[in-house]
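Reviewing the structure listed below.
Naming follows writing order (A, B, C, D and E), and every chain is counted from residue 1.
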Amino acid sequence: MSINLTTHNLVVEFGALRALGPVSIQIQAGQFVAIVGPSGCGKSTLIRVLAGLQAASFGEARLGEQIIRQPSMRVGMMFQSANLMPWRTVMDNIALPLELAGISSIERQAAVYDLLPLLNLEDFAKAYPDELSGGMAQRVALGRVLIQKPDVLLLDEPFGALDAMTREQISLDLLAMWARDRQTAVMVTHDIHEAVLLSDRVLVMSPRPGQIVEDIAVDLPRPRHIEQTYDTEFAYLAQTIRKAIRL
Amino acid sequence: MSINLTTHNLVVEFGALRALGPVSIQIQAGQFVAIVGPSGCGKSTLIRVLAGLQAASFGEARLGEQIIRQPSMRVGMMFQSANLMPWRTVMDNIALPLELAGISSIERQAAVYDLLPLLNLEDFAKAYPDELSGGMAQRVALGRVLIQKPDVLLLDEPFGALDAMTREQISLDLLAMWARDRQTAVMVTHDIHEAVLLSDRVLVMSPRPGQIVEDIAVDLPRPRHIEQTYDTEFAYLAQTIRKAIRL
Amino acid sequence: AQENDDLETIDFFLTFVPNIQFSPLYVTNELYMGDYGYQLKIQHGTESVGVDLIATGELPFGMIGGEQVLLARAGGRPVVFIYEWFQKYPVGVVVPDTVTFDLENVKIGIPGRSGASYTGFIALLNALGLRERDVTLEPIGFNAPDVVCLGGVDVSVIYVNNEPLQIQQRADAGNCGDISSVSVVYVADYVDMVSNGIVTNEALIESNPELVQAMVSAYDAGLAHVINNPADAYLISLEYVDTLPITDEFRAALEAAAEAQNAFLATNPDREAIAQSRADLLEALRAEFEPETLIQFEVLLATIELWDADQLGYTDPASWEATLAVLEEMGTLVGDVGDLSAAYTNDFLPKHDEEE
Amino acid sequence: MFALPLPRNNKRGIFMQQTLEISKQNSVQQRIAKYNRLLWRLGRGRPISFSLVLILWYWVAHSGKVKSFLLPTPEAVFETFHRVLTDGDNVFDSTLWYHTSATLGRVLPGLAIGLTIGISLGYIIAKSPLLETLLSPIVVAFQSMPIVAYAPVLVIWFGTGSQSKILTCVLIVFFPMLMNTIVGIRSVPQNLRDLMKMYRASRWQMFRKLEVPAALPILLTGMKTSATLSVIGAVVGEFIVANEGLGVLITEARGSYNTPLVFVSAISMSALASTLYSIVAFIERRFMRR
Amino acid sequence: MFALPLPRNNKRGIFMQQTLEISKQNSVQQRIAKYNRLLWRLGRGRPISFSLVLILWYWVAHSGKVKSFLLPTPEAVFETFHRVLTDGDNVFDSTLWYHTSATLGRVLPGLAIGLTIGISLGYIIAKSPLLETLLSPIVVAFQSMPIVAYAPVLVIWFGTGSQSKILTCVLIVFFPMLMNTIVGIRSVPQNLRDLMKMYRASRWQMFRKLEVPAALPILLTGMKTSATLSVIGAVVGEFIVANEGLGVLITEARGSYNTPLVFVSAISMSALASTLYSIVAFIERRFMRR
């Protein structure tokens, strides 16, 4: 069951530094929204507010009708860094959300083994994070979000450390999964192509303190394919976004 | 004074796992080489061997005539993660190489203030790493390499966490700097456009254990501009690389 | 040492650790305490802690120095001295044959500036007309044999029944520098101070005089037994003191001696005759056994000299006056001792005269 | 170890961590590293270093430079050791075992209670700045008083039995554990806390699944320090008032100027403490290798 | 703190670290956090908690339930305190300050030497698995022997002067520092080591610029533990043999059954140790805020 996400005049300040806002956005249930913007503009901060990890200085953020004050079970978050627990194997890192929810070990194992091929990590179930490359660690973090089957997906540059091929593959897999479950999804990315390819809407943020300077609807037909990136409409949208960022 | 980098039948194994090789490459002094390849294929491992941080299991790597056994002052390395010291300000993190080399505090400060505008970090000289966004941290790490003025640049996904705009800007700045000093440069990247835009040669690696499957010369004229990305030759090269990766 | 369920267990506090010097208590427990329906559980510890435990009633009885009783009473602890165990103050100065006894010109070792040794030493100084500032004192802890043999001090304040023998033994083994023999200057020869005895608290005397009486009576019998038959006492003490030297031959010799002594005692000998019998026994044993084997037995015999008296357990008011005088001179009393006669009592002593 | 972005080859375990990565080539450093590893495997430390100490001891004791009542010969000590171990019908009936087991019977509960209190209090303090400011001055004040200062109170409140010795053991043991728990829990990376919060981990889960493993190296260091000091803790209690235990045996030995027996008692204490330390070290190796 | 991927708002310093980030909204947790912070600022702990202890003490001492020779009233202690501060005690006619400064004169060098040895040895052990396996059993064995075991040797080798007390202080102080140095140095992230290696940092630079700051929270915890125990270390030495010092004062006080003076001595020891602890805590706050 997906759910609305809204913010109203949301501002976050760190001491004297205004990092974000004011930002007012409405994200409909089941929408896939991409956020792009210059480094340091407050994208991660916005995501953290939506996750309930960061308090608003002014304004508010709501998950459905509820003001967000703390993390919710319905929300899955992928952090900008992989954030793996070094003492757990790949398998146990991915299974963490299930373990905390009290799912039995056998079911956990089954769920992880279902996911591993998608993540291209079949051989590494028993490996420890210090034996992984940067991209592999990020894939583990992705697996940890997916296994949770949340209603809301918050993704902070989920594919930053992946090579172009894996990235395309994984983002399409993610998209397929999303098409099936229709979570509300908010993704921060630096890759304009990726933003267009995946989302229903792209929000472009200004430099710090980040505000929404452009809200671009992506009306490309779904399901999406990698070939669509060669369409003129795709190119046009990408161009529009690029321009909006430069503003 | 730039210098050759060569490897001969270089293999790295972690226990039973062969992570890399055999790899034999010659990099001429002053060349800019980009390395692309799937996640986990051994790119970081190769860079670490060249840096003298990782021992070869078989074969060897040489810096000029010298077998690489330990890090050298002539080599500047940018790690895949930002690797900042949390107890130092941005300024002191960037100045670290100078500090270790015994440069006076005033000179260090001058050198850092010269760099900060390029890194777009003017307001953050006195900030601590925990106050930075992911991209800002990466820019600090880049500054730390640049300030060292090394003869060899080893860059492991230096721009992974930067937004498209900053990324273009910084990579062009890097290129300008390289054109002036002509260091030998080896850069790992996931971005094929970036690889083509910056380098003289693109090495494409196979999946683990990574071997060089393609060595593509990039003969685009220098100095490079962002407009060149729209050239047909550029598109052709990018396409070739893309294909090579898919092999 | 076996627990007996039929008997009520009462605690008894002793300083230091199991030691042949406490053999009267062991004998009391083994042979006499049961007659009164009690058995003893011995608790070893630091003297000042023991005083506090007795003062609060946590422990009913203990062996405590007389001067401690005065100090404690001055410090508000209602403890009472009920039986004088040691008739002679057990502290003295050990003087090796390499130095002449001239307190003003030698370096004097002392365990520390508190406790019986210190009090005794100050009393000795007073008796000699000296003050502390006239002499060179060196605190050495309870390490007198080590320090004296190594020449760290010239003479040392010690417990007369133990350390001199230890040093003598080392000297005999050629293990004590140039020293070949030692002599002892007894504080008791200069001042008559109250020595160690059994102490309880006022509340117990008030509430359960029968228990106090039982303790004193049983102990009195035990002490007499040790004085009269040290060989038997040594054998009984083996149960209590792990470190007592014993060999099969030594045990056999002691058993024979104990047997013989019982026969001798049946003839009702007087004090001097019994003392002579002890000396004879030691003579005989010396001919047969190594000094290492005999040392603790010798300590016992030396200690008996400190216990033996015409009336065991009797505490002399004059010695309390003398002790108080020393403490006042030293200035260690925290408060007022109050009525001196409340600090001790001879009321529980058995009436020996009638028996004999 | 785990609290940190891990070094690449950390999986080789705590002992190997410092081995140079550049180890397959013939540099001098690397030969030393190899040699180190070899020696380590050969020795596993204990036998080697104890043999060295024993040889040194033998040599000094027989040199005639040190009086035998200060430093008895190993033979004399061994003989005494043998005697106090065989003076019963069997080992468990011997003098040494009698005292050792008495002390052990105080050390084990003392250590268990002390560690529990240290960890609990440390956890609470690590979580609450208010409690830190209120409690830490008191804790420090009490920790810096020698036990003689409150010995009588201890004995009067807790009796002359084992309880007061367990308490002195607790008092000595809990402090290093407390301090290390505070720094350990505080060193847990905030980003992993955030992660756990995202899954609405309960307090207990936060503790069990994140804080304990993340702070493990520091917690284990606290435990090692405490284990080492625990025997002293009980022995100090035995010094106040007791009728059995190694504290009594050593006083007894000192009182009768029986230096070999002093050594036997002290060595027994060491052996007890070393065993406890080794148990913690073993747990460490089990948990930290993998 | 520094050894770790830092929490976002770590700059607010060690006390604040646990404050919930969700703090600008009116949740209950957040009100508590605010309240905590307020109280903390008001109190800075020490005065508050000491007042509480004092009130409790006064109340218990005047309740008549505890004998005054076990727990004197605060007034009696204060009076004695005043007296020994001005007139001196009854045996030596020396003032409290005389004894305190004697002890301090042993604690300071003892602490300095102990910390130095602890850090140096800890550093070496952290770097060399070989030395760890060779040295740690010996260190543990010696640390778990009570000082009485080797007291005579100490006195005979180091004399009855200050040296033997400094030594006992060193012996007590160095162990927690050693253990924390080992875990601290080992917790330095390998990726930062690699970074330093790239700049060919010297051993000293590695230590000064990386290992010390990265291990600082753990090192400071070791120092705090050591500082707290240092006074006991010296006092234990004074128990064996001494002419002056707080250890002598307290023995003398116990020997003359002067409970208020026992309290005065013990409180003076606490005050000394607390001061040392506070100095370390102050350094911590200075260095760790930023």
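Heads up, the rule we're going with is that a residue touches a chain if its C-beta (ideal position, glycine included) is under 8 Å from a C-beta of that chain, and two chains touch if they have at least 3 such contacts.
Computed from a predicted model, the values in this text were never measured in an experiment.
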Those chains which touch chain D and also touch chain B:
A, E
Starting from the Cα centroid of chain A, hunt down the chain whose centroid lies farthest away.
C
With chain centres set to the mean of the C-alpha atoms, which chain is at the far end from chain B?
C
Which whole number of Å gives the spacing of the CA centres of chain A and chain B?
27
Quick one: report the Å distance separating chain C from chain D, using the average Cα coordinate of each chain.
39
Taking each chain's mean CA coordinate, chain A and chain D are separated, in whole Å, by 48
Counting only residues that touch at least 2 other chains, which ones in chain A make the list?
14, 52-53, 70, 81, 131
Which residue numbers or ranges of chain D touch two or more of the other chains?
4-10, 70, 148, 152, 156, 191, 239, 251, 254
At which residue positions does chain C touch at least two other chains?
48, 52, 56, 146, 150
In their complex, what parts of chain D are in touch with chain E?
1, 3-10, 14-19, 36-37, 39-40, 43-46, 48-50, 52-53, 70-71, 126-130, 132-138, 140-146, 148-150, 152-153, 156, 175-176, 179-180, 182-183, 186-191, 193, 217-218, 221, 224-225, 228-229, 231-232, 235-236, 239, 247, 250-251, 254, 262-263, 265-266, 269-270, 272-274, 277
Considering only the defined contacts, which chain D positions touch chain A in the complex?
2, 4-11, 191-192, 194-201, 205, 209-210, 213-214, 216, 290
Under the touch definition given earlier, write down the residues of chain C that touch chain D in their complex.
11, 13, 16-19, 41-46, 48-50, 52-53, 56, 58-59, 142, 145-146, 149-150, 166, 170, 175, 241-243, 296
Residues of chain D defined as touching chain C within the complex
67-70, 84, 87, 95, 148, 151-152, 155-156, 159-160, 239-243, 248-249, 251-258, 261
In their complex, what parts of chain B are in touch with chain A?
14, 17, 36-40, 43-44, 80-81, 120, 131-136, 139, 157, 160-167, 190-192, 242, 245-246
